[in-house]
Structures are given as structure tokens and as C-alpha cells.
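What follows is a group of structures, each given as C-alpha cells.
You will see chain A twice below: alongside chain B first, and alongside chain C after that.
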Partner chain A sequence: MRRRLGAAISAGWWRCLSVFGLSQKRWRSLPRTTRRAVKGLVWTGIGLLLVALLGVWQWSALVIAAIVLILVVPSWNRLVISGHRIGQWIPTIAILVLAITYPFYASSTTGVSTGLPQLPVFGTFPLMSTMVNMGIFTMMALGLNFVVGYAGLLDLGYVAFYAMGSYMAGWLASSQFSQVNVRFGGIGVIKGLTGIHISIWIVLLLAGMVTALVGILIGLPTLRLRGDYLAIVTLGFGEILPQIARNGDSLGGFNLTNGTGGISPIDPPGFGNWAHQHLGLPSNFGALGTTFDRTYFWTILVLVLLTIFCSARLRDSRLGRAWIAIREDEIAAAAMGVPLMRTKTWAYATGAFFGGVAGAYYASYNGSSNPDEFYFQISVFILVMVILGGMGSIPGVIFGACFLTYLNSEGLNNIGAWLNGHFGPGGSDVEIWHKPLDVPQYNFGIYGVILVVVMLFRPEGLIPSSRRAAEFHEGVREEYLYDVEHGAPISDATEAM
Partner chain B sequence: MTAALLLETQKLRKEFGGLVAVDDVDFTVPEGAIVSLIGPNGAGKTTFFNMLTGVYKPTMGRVIFAGEDLTGKPPHAFTQRGIGRTFQNIRLFQNMTALENVLVGMHTRLRGNAIQAILHTPANKRSEQEARDRARGLLEYSGLRRKDEEIGRNLSYGDQRRLEVARALATEPKLLLLDEPTAGMNPQETGDFTAFVDRLRSERKLTVLLIEHDMRVVMGVSDRVTVLDYGEKIAEGEPKEIQKNERVVEAYLGKAALAQ
Partner chain C sequence: MATHAQTEVQVRPRRSFASYLMPTIATILVAILVVWLVVNFVKGPAYFVNIGFIGLTLGALYALVALGYTLVYGILELINFAHGDVFMLGAMFSATMILSVFHLTPHASTGTLVAAIVGSLVVAMAACGILNAVIERVAYRPLRGAPRLAPLITAIGVSFILEDIAIAWKGPSYVAVPSLLPKGNVFSAGGVTYTWEKFIVVLVTVPVLLVLTWLVKRTRQGKAMRATAQDRDAAAMMGIDVNRTISFTFLIAGALAGAGGLVFALYFGQIRYDTGYQLGLIAFTAAVVGGIGNLPGAVLGALCIGFIQAFNEGLLWHAPGSDWTESIVFSILILILVFRPEGLLGERTPEGA
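Right, the complex of A and B next:
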């Protein structure tokens, strides 16, 4: 049925075109690139037309529809121009363009500008602050992906690195150590503040490096362990570091972390006055007013892009191959000359680096680093992002991180509001429950259900790497116990034919 | 045998709890030779192999390779010095392509740290390109032409064995340890493989140590044969001598067979 319909449409299509002087023969004689580009454009056009016919005439919806279409049109994907597979970059570019321009149609203070439509169920588009959080968590999830996704080491204490990075920012860019007075790099802080104030850009790098060092220190004793043991020990370290932070207000009389109060305020990023006057860059993100969030967002976007870049480059390098080899078969990897400890420690340190940078950025964005933020659930939350999206798959991890952070920050709230509005007390459809339902309260239960469902139906993750997909799908291929049973029916079948 | 010793073990011993798997074995492999290690099932051959590659640490005794004492070093140090191996039950990186498998084998022979990899420095790029070319060459040499992009698990059984050898060759070994390489092969494949091992020695100047059950292979290709039984070395010598050795026949077939 479907085939007949397709043939009919195809025949009609050629008849139409030949009226305009483009026969099938002439079309085929065109270069392949042109054909693919034209096909892509035609499909996009048809998609846009459909959107228009459906009555969604808002320009923003149109843009989104167009980008979604570009994603689904396979013609784009195979577009090759002078040997370069440009087509495969188009979805990436589309998403990037969408991300970069997002702040222009989503305002930071009042939620979302009127240009964006309300989505069914999910309500408004994510706020800018949520977008910043999504970026930060994406970076952390990509960091954890080095450890869990590439090297296959289960790390349940990733929050320790996050905390470490956050406190690095607290120490190096606040008035915490008021005994000393250090200022370095372009910062837009008011003159006369005591304490260490180093430009956040340097602090980010330092935080990453120190956290990587902490990762190595934690890794050296723990990475000798395998599987479950490693998980338990990392879990322990994930508790120890935040506990030190919580109780570090009087280490031998020295106030290191300010205890449960946390360190606040932490300097916002900025390029300092010189860069502000000469290059037009913001001197201090804190003083930006309404464009505050979007500057933070673009900054984290750059950081995320750097993380993606490093992830991809390292994955395809000698080191990345060694990580994957260890994940596949530790003994074989060792026998092929991969130094297990060093390679695993590298994975740990690399993961820690990005966790540290993300932590420092988060502290700078929040203006504080507070021990209450570093609890075990965060470790699990980041791990779930990696598993949900697809271990070892960069797009998967990004998706997992963005999706779960969105749900956590406002998605569940919006969904809850929608549910209550329709089925809650005085709901517009049917009143099923009579007390408002607090959906965000059940967040971890909901993530649990999502995880279980994903593991049942798509154990390799939502957007798996090709390697993982193979592992899960071909790994469960039915293997016959006896060759005889396998052989007999096949030979019968061939004879019958 | 006047050739220099490439590998030597001195009173090598491995105990698992109360079980003595390898019992004070003195063993030598001369450079350029093909040496076979045979013995009934459970004789400790694979345990012995694992000590020669650093997978197990010996309870006592020493492993000396090319004049250097490697006892107690981690496996990658053994590979670094030039001992390559395959496994009895194939241990490929199942979800990596054939090419990637071979590239992992080159790990110790390649340079380049994380920073260089991220920046794609010219040196790093060149080294990667060379490695890839070399890996393709090795695949072809091992009879896996045009299978670079196949995922390990999708290869046929014989090809998986070949890939394991290619991967071991990628470590640029001086000594290649093959653990029952012809297990599960048909006579035709076994014959090809024996010829291949011979070629490895003549073309690549490799020394080969073989664990093997197929006596045709052992007798056909080896210069020397060592026999293990219950962890002990019971005989050593040229294939012809071994065939006639009473203790060997006894170990394989039992005393009764000897009495007949």
C-alpha cells in the first residue's frame, strides 16, 4: 500500500516537473550536490508550508519548525561539497545557531518574551537562568563521560570535583581570606575589597587544574579497584570532600571554607575596565542588569563547546582508544601495552578538570559556594544524565544533561501546573484529584521511572554512540547452544527452496 | 643452540592457595626460535604464559627478557620491552573496529599526550596518520584486507584469531606468545596458520613461543618443545626427541599405554 502510494506521488511529481521543463533525465544529469541541496530545500519548504497551513504563523515557531525540519531531512545529511561532508554538520550548526540566538527571543527577567509560543504540557520555553544551569550541567556530564562513558569506571562521587571547583572560585575570587590582599588580572570589582581577587578566567583554569590534581590524588589509591569496589570508594570520596567543606571553618583555627555558611559573595566574571573601554567587553557580568543572564549563557556556551571539542579530540586520540580498550577488556588492554593505572588516572583527571571548571563557573554565577549544594544526589543526577543520553556519546550526554536539568529547574514545575490546571482542583478538563499536586516534589522518583523505562526499552541510551549501540543490540543476539540445532533447519530450508 | 637467549625463566613458581600451578620451571627461549609449550589440560601452560606477560606475578622465581629482569613489573612493561601475546579465549576489543584494535596494540609505540591530541599538533597528526597506515599494513599482512572498519565482534572466528595476531604484532614484539592459536580451526586453516607463523619468523625476525594442542602444528613448526605436567617441566628438546620421551607419553596417555 505504502509502496504504491509512494510510486504514485513520485510519478505525479515528475509529471509536474516536466511541465516546467525539468524532465527526470535532466534532473539526473545535474550534479549530485545540487540535487541533494535542492531536495533539502524542497523538503524544508514543504515543511514550512505545512506549519503555515496549520496556522502557526508566529515567526519564532516558524524558525523552530525550520530547524527541526533541517534535522529530519536526510537529504541534508548526505550533502557533500568538494569532498567535505558538509551535510553532517548541518544539524550541529542548526542547534548551535538556535542556542546562540535563544537569548534574543527569551528575555531574562520576565521569563519568556511574547514571541515564543506556549508549548503544550511543558508551558513556557526555558528561562535564561535555566539555560545557564543546563550549560553548567552539560559540562559536568561531559566531564563525567570521560570517566564513565569512555574509560568505563563507575564514579559515584563526581560531586567532589564540582565542590572542589566551586571552592577554588570561593578562595581565589572573594573576600574569604581577608588577611591577604591579592588582585590579579582584569576584574571589575570595586576598589578597596580585601581578600584574593583573581580574574575569573584564570580562576576557571586554576580550578580545573587543581581539581584535576585532586582527581589524581583520589584516583591513585582508588583506581586499583574494580567495578563495585571502585564505585563504593568514589562514593566515599564524594561524601568526604563536601564534609570537609561543611566543617572546614576552623581547621586548626584557620577558616578555610566558612563552614555551613559557605563563601559569599564570589566575584562575577568580567574582563576588567581596560577591556571594557578598549574592546567593548563587559567589565563585570554582575553590573550588566537585564542582559546579565545572557552573557553568562554565552560564556558557558563557549565553555561547553570547548568541552565538546576536547571530548571529541581525546576520544579519537591514542589516549581515548586506550580508555575505550580498558572499558572493553582490561586484561587485553594491559597486555597490549596500555598502562592501566596511568590511563585510568588520566580519565579521572580529565573528568575532574571539567567538573572543576564547571564548579568554579557555577560558584561565580551563583555568587556563592555553599556546602548544601554538594550532596550525593548531584553525583547520581549527573550519572543519570550520562546514562540516559548514552554513555560515551557526546550528543547523547548533552541531551541527557539539558533535558534533566530542564526538568529539574522548571520542567516539572510547568508540567505540574499543567496537570493541576487540567485535572486538579477546579481543573478545566476533569477534576481527578482535589488537592494540588506538587510534581517537583517527586523529582527523583520521576527520574527513577524515566531511567527504568529507558533501561528497559533503550538500554544503550537515547542517543547512543555507534559503539554502544552495537554492544547492546548485537550483544543480545540469540546464540545457539548446539551447532546441530542451528544447522539442521537451515539446510532443510535451503533444500525446500 | 648457540643463539642468544631472548627469554629465560629461573625457578618460576606460581601458587594459587595450596595449589602449585607452576612448579619451579627453568625455561629458555633462544632468539629466532619457534618454541612450543605443550602439556595436558591443566598442566599450567596458560598460567606460565600469564607470568611471562606480567598478568600474574610469580610467587617465586624470575623472568628475564633480553637480559633484563622483568619480574613483578606490570603487563605494559612487558609489552613495552617487546613481548606480544594473544589469548586462548579470544580477547579482542569487541566493539572497536579492526583498525582500532590494531591501533590500541601500537599504544606503547606511539607518542603524544592529551594536550597534543586536543590541539592536533602537526607531530601528533603525522604520528596518527603513520599509525593508521601501519595498522592497515598489518591487517593486510595478517589476511584481513579491507576489514579495517569491521567491528571486532562481527568478524568471523578465524578472522578474530587473525586480528588478535595483528594486534599483537602491532606492539612490535621481539617475542610473540601465541596461546592455542589454532584452537577451533579446521585442518586447512591450521595449515595456513602454521605457514603464517613460519613466515613471521623468516620475514619479521620474530621469536615465537606457542602453546598448542595440535601435534601436527607443534611437530611441524617448532625448533624446540617443552612439556609441562602438573606445573612441572617434564621434558624439553627437539620435537623428535619429545615424541619418543617416555614421561611425555605417560603424561598424555597414562602408564598403561606405555606398558603396551
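Right, the complex of A and C next:
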């Protein structure tokens, strides 16, 4: 049905265009670059028009449009300078530069500057704190991508690793265990403060390693299970660990997690006085004041880059190819000599590692680790990021994570405000509903819609990896005897453009 | 024969870890459980039995929901994640019927009460059955040929959508249903009391279960269901309309969830949008404990989980308490899946887990 609908829309579209003398045949005969330029110009034109009509116009919108056009229209892949395929890196580097400089052009300190246009419906550009969260969730989504995207194991309890990392930071960099007094490079610790205070940089690594160990311990007995059973077991662990955190204020009389109060305050990261005086690095992130958020943002950017590097390198390694082989056909992979348990456990441990690091960083950013933050919905939230962007696709997962984190922190609020302002009580357009609509309240329903729609209409995600897309469309599709609609050959429908 | 013996000798040391250590741990756990139950029983027999009645009530409720999971899993091999939320909407439907349509108050006469409860039961069952069939048509059927995990992911999506429908409909706080069931005792002897309130839950559940058994075992449609569960393609070749049979299964599962919803609304009297998620997972665990895909197994598993929950929350000697219920239930789920994935009554299949 969907294919027929697409074909109908496409046919109608070309009929409209042929009125103006542009038939599908003539369009196809144009050079590739011309077609891309025309498409790019048309889309950015529509975008600019929408901003001018519905948003708040700023001349910087033209600059943004120009940057988008420069990045999208030329085939950068084909740029070769003295034998090096430098071109393929240009869009990546440009995006990276835009991200690094974001604090300077988008926000004064924490608020958004007026120099940027306000988008229609979505409103202002994300705040710095949202950008930090985007980084943290990107890291977690990339971690989950090892498990779900590469190895094809559905993990519904990823929040357990996040919680584990967060509590590692809580235990090793706060005054939680006041019985002891351990110090190792902790930043901003006043003299006489008890507890364990280890430098956050070491804690990040330790949190990752311990979480990976927990991942292995969880994985060893459970990874033998078939796909959907594994999903349920991981969900079980994702419920048990946070409950232990909630009830852990008197485990046999020992206060492990401080119960529902959570552990707070947690030491901030920092480079210490020596690095501050000699290298100009911030000595204590917690005492930065106006540059607080941007310093955290740049730090998480470095961590995210590290995660991307590991993702890409591991994907192409022997281990990564084994993961993909298991994802595509477990039995064939086993027959080819891929050790199933070991390979799956590694996927689990790697995913857990990055989840743990992200969790510890998040705890350090917030200054607390609180059991209220770890519930099943967060696991699914991270899963939606991976699925929306495209399982196994690094750019896709990054996009999914950034977009959904933005929606969750600000986007839904802005959209709700826009909708209520136009269609709500006393709205400027038509008053459709008479009580203000609380859009952020429905966030998980909206993510549910995204899950269903993506799985039904584009299971490979928005920015798919070519391999995964092929898998969803040909490889594993079985043809059933009783269902004519799904058994129909693909060639009978015209593919949309 | 000689080579055969040799291979056995080679194989044995490799198996020893998994085949001796794991059952030992399982036996120790079961032994601890038994000792704990016996000591509690000796310390207060009447109290123990009263708690047992609560467990029976919970078990009956869980059975209704667990059967929905097991029916759907049996026929599609799909964990219908949205089932718990269908149950929650069933409770919402029932609450609406009781409060807004029948305007029941605790002072209503017995005749009105029975008529209204039966009326609400029918409406809730019909509404949930249709809802479940529609969900199957929209979210699962288009993915029949897709990788196994695809429908599971849409099921999670549907579950969230249903929760938000409940928020939009009833708001994010608890919907309260006044306690309508009579509080008197069915019998009371030597400190052991069994109230009507608890008995009515069983009274609603047992006929529903009997009708379901009759439906699956004796009717033509039930035969089609069993055939489809066994082999979809072969069933299609025998002239069974597979899609219709699957839709019918979802209808039945939804109707059971609706009945469960009414029972929940009457017995607990408090429903919120996330009620179904918690209870759904517990019921799913029950289905797994009994052997997923196995109907009597689901009832047995539900009773086990009901008793475990009641004993955990009610017993006095070294009971972990309600703070730990979820952890215990999920630990059981994990242990069962790891040690005995076919459940208490299920059969071990070649691809089993």
C-alpha cells in the first residue's frame, strides 16, 4: 500500500512539473551536479521562506542557508588532492567546526543570542545545557548502537549501564562513604571533607570499565537467549539495578546509594592548578560561572569524538565484522567459526563501557546521581535515537540522539508554545482547542509514534548504513504462502524518486 | 561403539560447568525459598493462609493478563509489549462504565451491582478486544515478513502511545473507583477469613478461563488457532484463513485483558496510565514461568507469581517487602529464562531460547 501511495504521489508530482516543460525524462538527463544544485536551492528556498513567514527572520539565516548549500550540493566525495581523498572529510570537518564554535555564535553565555533566526514551529536554537545533554546522549546512543546496531541484540535495559556509571561517579567522587578518606586528584575538595575523591577523569575510565564488567556479568548467562527473550531479560536488569539504587540506603544496614535522595554533590571535573597556570586549562569546571556550560560542552565533544572513533574502528575490525555477521545470520556466522558467546559479550561490554562513561560524566555535570533519572523510558528513549537515525549507522545515530535530546529538552516545549499560540485558547489563528495543550507531557507517546512509523515505513532509519538497509529490504524477508500482498514481487511497483 | 564412547569422554568435561553448577544454584535457591515459607507458616499458620488468599486473588488477576501474552506468543512468537497497556485501558473503560454510565455507589443493591459489573465486563472485554485486533492490524501485520525484532519494537511504540492516550483521556493522576465489592466473609474459621471481595475476583476469572479453554479446545476457530500456532504455512494450505485467525487471537487476548482490567478496577480501585506497564511485565513473567505459549502454564505461572508477591509483601519473618517486589519478580524471570527457558509446563523446542 505504501509503495502504491508513493508511486501515485510521484506520478502526480511529475505531471505537475511537465506542465512547466520539465518531464521526468528531461530531469534525469541533466548533469548530476545540476540536479543536486536545483534540489538544494529549492529546499533551502522553501526553508528560508518558512523562516521568514513563520519564524523570526535574521539575516544570519542566509549564512546558514549558504553553509548548507556548500556542504550539500557539491559531490565532496570526489574531491581528490594529490591522490588523497580529502573531499570526503570536508562535510565532517565543517560540521565539527560548527559544533566547536557553537558557543560563540549561538549563545552569549547560556542563553541564545539574538543573532540567529528563530525557526518556524521549533523556535530558537538549542541552549548550551541542551547541547551538553545532546553530547551525553549521543555517547550513550553510540554505545547502544554497538549492541543493537552492530550485533543486532535488542537491549531494553541500557539505562542500567547509565545508572551504573552515574553511581560509580557518585561513589568515587563525593562524600558518600564518609567512613573513609581517600583522595586522588579530586577537584574542588575542601580540606577535611571525608569520602572518596578521585579525579573525575580517572572516574570516567573506571566507571566505563566497571560498567563493562557488569555488562559481561549480565551478558554471560543471558546472551545465550534468543532475540526477544534477551530483550526481556535486559529489561529485567534495567528494572532491578535502579530499584537497588532506590532501596540501597540500608542494604544490611549499609548506606550504599543514599536511597531516593541520591548522591550529591559530586565533584566537578577539572585540570587542577598546575595546568591552569601553565597551560591555561580550567582548574575547576564547577567554579567557572559563565563559561560553565561551554566547557562541559567541549569536554563531552572530545568524549563523543573518541566514541565515534572507536565505533568506526571497531566496526571495521575483525570483531566488528563478526558482530555484523551475527546480526545478519547467527547460524551461518557460527558455522563460519565466529564464537557467538564471546563476540556477543564483547558487543555488550563495549556498549556498556560507553554507557558507563556517559553516565559518570552526566553525574559530574549535574553534580548528583539520582535514582529518579533511571527508568525504563530512558532505555527506550535511547533506543528510539538509534532506530530513528538508523541502526548501525554512525551519522544516523548521532543525528537521532541530537534531534531527540533537543526535542526532549526544548523542542517539544517550543512546539507546544507555538501550537498553543496559534491554535490554543486565544490563539492568533483559529482556536481549535480551548485548554492549553501540554505537549511535553506526551513526549513518550510521540517517541512511540516515531518508533512505529519508522519501523513500518523506513525500518533502516533516516540516515541508514547501506548494509543495514539492504538487510531490511531483501536479505531476511521471507515470503509467506498465505499473504499475497507481501509476497508480491518488488518490480511491479514503480520506485519513487 | 568405541568411537561413540570416546566422544562422550571428550564432551563430558566441557559440559560439567554448566550442567552441575547451575542446577546446584537453582536447588539452593529453591531450598531457601521452601525453608523461608515453612518457617513463616509455623510462626503463624492462620496469618499465612490469609496472605495466601491475597496471593490467590492476585494470581487470578495475573492469569487473565498472562493468558493474553501467552496466546499471542503462541501464535506469532511476538512479545506483545502493548498488552499491559491494553489491560490498563480496559481498567479505564471499566472505571468509566462504573462511574459515568452506571453511576454505581457503594450503597447500590446487590442486583444492580451484579448487572452493572456484568455490563461493564462485557463492554470492557469488547472494547479491549477490538482495540487489540486493531493494533495487530496496524502495527504488527505489515511487519509479518520483517526481521523478528521489528514487531517487538513497534509493540514498544504502541505501548507508549496507549499510555499517552490514557493521559490525554484521564490525566496523569490516579483514577479512583469506589470500593463496591461487599466486604463480608465467605467463611471465617480459626483466624482464617476469606472475604467476598477476594472471592468475586476468582468468581469472574474462573468462568472466563473455562470459556477460553472450551474455545481453544472444542471449537473450529480454536482448532484453527492451534493449527496456525503450530505451522502457519501448513495451516494456510489446509484452507485456514491465517490472518483472520491471528486477528481473532488478538481479539480474545484483548478481551481477556479487558476482563482483567475490570477485576483490577474493582479490587484495587486505583488506575493510572502506567498501571499496565508494571502489571504487564509481572504478567509476562508469569507467562514465562509457566512456559510461554502454554495456556495452563500461564495460569499456573500467574498463581506462582501471585503467591510470591503476596508472601513477599505480607509475611513478617524476613520478607524483603514491597520495595523489592519488582526486583524479585524480574530475578525470577531472569532465572527461569536462564535455567529453564521452556518454563514449568512448556516443552523444550530445538530453537528454544
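Worth pointing out:
The definition used in the following text is that the second predicted complex is superposed on the first by the 403 of 497 C-alpha atoms of A that agree within 3 Å, B and C clash if a C-alpha of one lies under 4 Å from a C-alpha of the other, contacts with A are read in each partner's own complex, and residues count from 1 in each chain.
Please note the rule applied: a residue touches a chain if its C-beta (ideal position, glycine included) is under 8 Å from a C-beta of that chain, and two chains touch if they have at least 3 such contacts.
If you're wondering where the values come from, they're calculated on a predicted model, not measured in any experiment.
Applying the stated contact rule after C-alpha superposition, one finds that A:Phe444 touches chain C and leaves chain B untouched.
In the superposed model, A:Val452 makes contact with chain C only, not with chain B.
Legend: residue contacts after superposition of the two complexes on their common chain; A:Ala322 is shown touching chain B, with no touch to chain C. Look at A:His197: by the touch rule set out above, it reaches neither chain B nor chain C.
Using the contact criterion defined above for the overlaid structures, shared-chain residue A:Arg36 touches neither chain B nor chain C, since it reaches no partner.
Of the two partner chains placed by superposition, only chain C is touched by A:Ala231; chain B is not. With both structures placed on the common chain, the touch criterion links A:Phe376 to chain C but leaves chain B unconnected. One of chain B and chain C touches more residues of chain A, and that partner is C. Across the superposed pair, chain B and chain C both touch chain A at residues 471. Residues of chain B that touch chain A in their complex: 53-55, 74-76, 79-80, 85, 87, 91-96, 100, 103-105, 107-110, 112-114, 117-118, 120, 124, 128, 131, 151, 153-154, 167-168, 170-171. Chain A makes touch with chain C in their complex at residues 152, 154, 156, 221-222, 224-229, 231-233, 235-237, 239-240, 243-244, 246-247, 376-377, 380, 383, 387, 441-442, 444-452, 455-456, 459, 471-472, 476-483, 486. If you check the complex, the residues on chain C that touch chain A are 77-79, 139, 142-154, 156-161, 163-165, 167-168, 172, 232-233, 236-237, 242-243, 277, 281, 284, 288, 323-324, 326-327, 330-331, 333-334, 337-338, 341, 351, 353.
Residue ranges of chain A in contact with chain B, taken from their complex: 309-310, 313-314, 316-322, 324-325, 328-329, 331-341, 346, 350, 467-468, 470-471, 474-475.
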